[in-house]
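Below, each structure is written out as structure tokens.
Paired with chain B in one complex and with chain C in the other, chain A is shared by the two complexes that follow.
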Partner chain A sequence: MAAARSRPRPEAAARRRFVLLMLLPATALLLAVTLFPFLWAFAMSLTDLALTRPGQTRFVGLANYADHLASPDFWRAARVTALFTLLAVSIQLVLGVGLAVLLHRETRGAWAWRLAFLLPMAITPVAAIFTFRMMFHPSIGVFNAILRDLGLPPVDWLGTPGMALVSLLIVDCWQWTPFVLLIAAGGLASLDPEPLEAAEVDGATPWQVLRDHTLPMLAPFLAVAVVFRAIDAFKTFDIIFVLTGGGPGVATRTLNLLAYKQGIEFLSIGYAAALAIVMLVVTIVAAQLFLRRTGFFRPRAAL
Partner chain B sequence: MTIIVPRGLRRPVTRRSVLRTGSLLAGAGLLSAAGLPLRAQDSGIDWRQAAGTRIVLAGLQHPWMDAIEPLVPRFTELTGIEVTVEKQSESEYVASMPVRLGAGSAVPDVFMIWSLGQAISAGWLEPLDPHRADPALFDAAWYDEEDVFSSARSFERWGDGQSYGMAITAEAQTMFYNGEALEEAGLAPPATMAELEEAAAAMAGPDRAGIAMRAKATGDAAPWTAAGFIFSHGGSIVTLEGGSGLLLPETVAGVETYGRLLREHGPLGIGNYHWMECLNDFQQGAVAIGCDSSNFATDIMDPSRSLVADHAVFGALPAAGDRPAKPNMWHWMAGINAASANKPAAFLFLVWATSPETSLEAAAAGLATTRSSAWSSGAFRNRFGEQAAEAALANLQAADGDLFKAAWFHPRGPEILDAVGIAVNEVVTGAADAETALRAADAKVSAILGG
Partner chain C sequence: MRRPSRFSRRARRRLGTLLRRLVLGLFALWCLFPVYWLATMSLKTPVEAASRNPSFLFRPILDNYRAVLDRPEIWGYFVNSSIVALGSTALVLLIGVPCAYALGRYRFRGAADFGFWILTTRMTPPVAVLIPFYVLYVRTGLVDTRAGLILAHVALNLSIAVWLMKGFFEDLPPELEEAALVDGATRWQAFRDIALPVAVPGIAAVAILCFLFSWNEFLFSLVLAGSTVRTVPLGLYSFIGYQQIDWGSLSASAVLLLAPVLVILVLFGRHLVRGLTLGAVK
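Now for the complex of A and B:
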């Protein structure tokens, strides 16, 4: 027994070699397209690299980070990003779970509903967003035409700070609620129906069953949805870029939009890289905290 | 960053349109003694020197690309140089080009320059004067530089005296009026800013706002049109001495006028209007007055997409008080990638594309080129609209290119204009008064100009 442990059996060694070999391509790919660019971006964030000053790049340490943290633009963008993420994820969670529960009970035509709800995810985002831009148009857009037909006053969808945020949320929810719906529906289908039936037999109302039994059992699935959606919402770019460009004023200028402006428009690559690294750190820390606190992904002793 | 996205050239050059140009030219006495236009073959340039090479032309969806692309086979026939055309949407182009050029890519060889100051300071553009001095590459007499608008020639000169690009279009800030609304109100096109405000109020109706101009808070939106108002009031964004002009009383007055016009007489949601919304509203008769690039004439005069095609009136930018109006202007330019491996071929392409002969053909399809001869051609005036062409020329002549260049061609122009865009937007939406908004922008711009 002891001898066997100190000297691996030939088949075990072969097996390990095989595993390593199989892992190699994916690991190499990950290093090339994730880790290397990340390290490169981090290195750039420590310099004052600007494409408009070729050959004059200097190492500046953490100065870019200090500049961001001292800049009112950064904090304003951080507030807008946090608000957008919080609202988008909350609304999508409520709508997605609600629709999943309704469709779960429905048997006739549920597939057609599910298909219809999933369509927004299948449409090319930027094409859909440009269509929304025309639909939001205050004088010739379809939304205000509908309001006018109903005898209601027209709305300035993208021109005031408050409504611009609401309009962005409408589009984001239209596009991403189906994602939450998909995960929640999958979760519901995999739940053990016995405790739910037992609760019903015991006389619980449908609402009580949902609140006290279904939702707690569904929670690990929803945690996945929340993490994915929060990360995505945090770095939303296309919707804001096309619909408001960060305006009116700077009302919808998020951190990602700020990084784009600094990097691609102003060509201040070092400064923009620092912002991207800050966003990455915030994302990782927030996701880790969320997962640790909820504890849904801790390996269970029983398993 | 891009300043304007003129659109509209949809009609390809046909044999008939070229023939028509020829006959009109004969009438205008613009033909050589032999009865033919001055042909490229008649120049001293060695067109075949790079035969067999292939160059890549990159640009955005734009009337210039639309006009040049169908003519490219003639360039290949003349020179033996193959041309691959790469066309992207404006946002894609502006986002991808810095990445390509910043990485030192040798492709594309020729590209449309979206931000001259950035491109020059980043070292992406090949200086053109050495090529111009080579008699095998350039024939000044045949090229006829005197025929090119002086504003275009001045655009091509950078602060170091070198030329890094060739101007390919000419555009000026021009007023558009809904002719029916003008008639109903019993008004003539306004000559002063005060009259413009009165007209905007008088021409509005239940389903029609008074005036729409760009107000979106981005560097490529609000600043370009607002600048015409700033310059006309005697102000500037960046002064000719290189300082911030944002707190000059004249600048504040210009932004205040621009903001008040749109706040009081603009359509609902004006705060998010880029050129696309402005143009749509004007074409659909939803606003009475517009003010943007002269190139919009081809869209406005297109009856298949514009309800005002038969009664749109084009005019000069009104003057602020006793000062002469100084509308904003713009020449798109194309240049050669400093890392290109085919520089002589690329230069031949630029020379051919901006030559009198090619300009005439492009103008026949409605392109607003940089050449007087092309602008005065009957084919161009037919396609572009006689009155629109007159107004565009008047505004081009009134424009002050130096004020434009001081801000837009600054190496950090995009950052400066971003700050101005936010300020103008805030004044339009009423979030801040002109002085407060410009003070915030000035803090940023002064830091940029000082550092």
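Now for the complex of A and C:
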């Protein structure tokens, strides 16, 4: 086309200028508000800065990092964090997708269902966690009252190491299964129904249709849900902080809680900053590997 | 292979529907139960609330609400939270929508890395940046101001907003904008007049999400807000600190502070679901 050929150079420059201008405000703000504090935190992680000894800060290189990697506290917290993240995300993925598939078959009242399912993720977490604390209470909590009515022995929900982790998972899954459900439901609604109907006509059972057709087509949506959930589960704070404080003992102390304890409670800022940087590096590497594997970065329709 | 008779097939389908509704109903019950329980606790006397046999049937009282509404500071929490949540949502959209459009619609060198960098701003553990944030805020006078909280919440929510909206723009067919460009529209006009209006349902859903996230945000507000700009979650947390035993009035405060979230859900929940469904997230 003549029009296309007559505007090569100035047009390319205009295109580049447009893209830059569109990206500029977000980039500037994120640089100012997130990159700068991050670089600062990195600088602090190379020192022994502690608010308990003001004015005596020395540069210690990578000593904080070496200390963490040699510390049993770090590895214990890393195991707890990995276990919590893995269990939380897998349970939420299975429940969320399963319920979304069921919900997809409901033609009437879908909106009312969704309103109920939306509630846990919309509610102010502090209020929800406080409610769970009441419900988990060993003597006056409603969960144990229900168990008693059923003739079952009471459970010490937050008091024993194993049960405390289970209880935290219950709260996290209550709050975030709906997030996976919503994204999966959105994905299902936007899928092309034709291949699914064709498979059904060919005599595939509902289970085969789900496994061979629906789930593979849904994969890109689920990848987003998994990435956002994993990032947030990895640094869960409020649920653990309010319900167990990392206890009993250190049974539910995740890396994030360990960093909080060292930084905000013991005021060893440099040491805590190093731990936070380690967490960030782990997240970035895991997210990169996952997103590249799922073909997330493939380019799409462009102008 | 034996074909099931027409009757048994219909019976089986009905049984399937029943089972499906049962499972969905149980899950809905589980989602609603804590909120229901919170509400009943707020309507109980202290004795009933601390009973070893929590009752589902009891005479509701409003004393707890009267006690809570007598505190003047609760209105201040509402005002602060409203201003911060509305302000940060508006700013996230203003800054995030153009960025999402450029990322979703234009191919340029480093686009994938740029998108990933935006995502990393959400990965940073808060503990890492809270102290620099705090020092920065003290130096610039932003500490304990609404503007400071707005800025922090924009930084927290911008990444998820950009990623969700990027998906909406990718899902729109590009032909209309291409045609407009051929007809001599500028790229800005193609964005503003053609892509933007179509993306409105998705943007509305993102706006509701950002509002809720900002309204509920706890940790950054805890560190960056002092006594003058306390938001709703901080107010609730301070109540929990003061009165460990009085579950009733604590529950009443929680219900009151949740009320706006419930109103928003009932009024706008539909848009949230529709918007996320429309473009979904890719």
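Things to note:
Going forward, the second predicted complex is superposed on the first by the 274 of 303 C-alpha atoms of A that agree within 3 Å, B and C clash if a C-alpha of one lies under 4 Å from a C-alpha of the other, contacts with A are read in each partner's own complex, and residues count from 1 in each chain.
What we mean here is this: a contact is a pair of C-beta atoms (placed from the backbone, for glycine too) under 8 Å apart; a residue touches a chain by one contact, two chains touch by 3 or more.
None of the values given here were measured: they were computed from a predicted structure.
Of the two partner chains placed by the overlay, only chain C lies in contact with A:187; chain B stays clear of it. In the superposed model, A:44 makes contact with chain C only, not with chain B. Chain A is touched at more residues by one of its partners, and among chain B and chain C that partner is C. When the two structures are aligned on the shared chain, A:118 is found in touch with chain C, with no touch to chain B.
In the superposed model, A:15 makes contact with chain C only, not with chain B. In the superposed model, A:254 lies in contact with neither chain B nor chain C.
Shared-chain residue A:64: touches no atom of chain B or chain C. In the superposition on chain A, contact of A:236 is made with neither chain B nor chain C. Within the superposed three-chain model, A:92 lies out of touch with both chain B and chain C [touch as defined at top].
Of the two partner chains placed around the shared chain by superposition, chain B and chain C are both touched by A:139. Under the contact criterion defined above, the residues of chain A that touch both chain B in one complex and chain C in the other are 139-140, 264, 269.
On chain C, the positions that touch chain A within their shared complex are 20-21, 23-24, 27-28, 30-32, 34-35, 37-38, 41, 49-54, 94-96, 98-99, 101-108, 111-112, 114-116, 118-133, 135-136, 151-152, 154-155, 158-160, 162-163, 167, 170-171, 173-174, 177-178, 181-182, 187-188, 190-191, 212, 215-216, 218-219, 232-233, 236-237, 240, 247, 250-251, 254, 257-258, 261, 264-266, 269-270, 272-273, 276-282.
By the touch criterion stated above, chain B contacts chain A in their complex at residues 1, 91, 94-95, 98-99, 102, 117-118, 121-123, 209, 216-219, 221, 267-272, 274, 277, 280-281, 284, 286-287, 411-412, 414-415, 418, 422, 425-426, 429, 431. Interface residues of chain A, counted against chain C in their complex, comprise 3, 14-16, 18-19, 21-23, 25-27, 29-30, 33-34, 36-38, 40-41, 44, 95, 99, 102-103, 105-106, 111, 113-120, 122-128, 130-132, 134-135, 139-142, 145, 148, 174, 178, 182-183, 185-187, 189-190, 220-221, 224-225, 227-228, 231, 235, 237-238, 255-256, 259-260, 263-264, 269, 272-273, 275-277, 279-280, 283-284, 287-288, 291, 297, 299-303.
Interface of chain A with chain B (complex): residues 51-54, 137-140, 154, 156-161, 164, 241, 244-250, 261, 264-267, 269.
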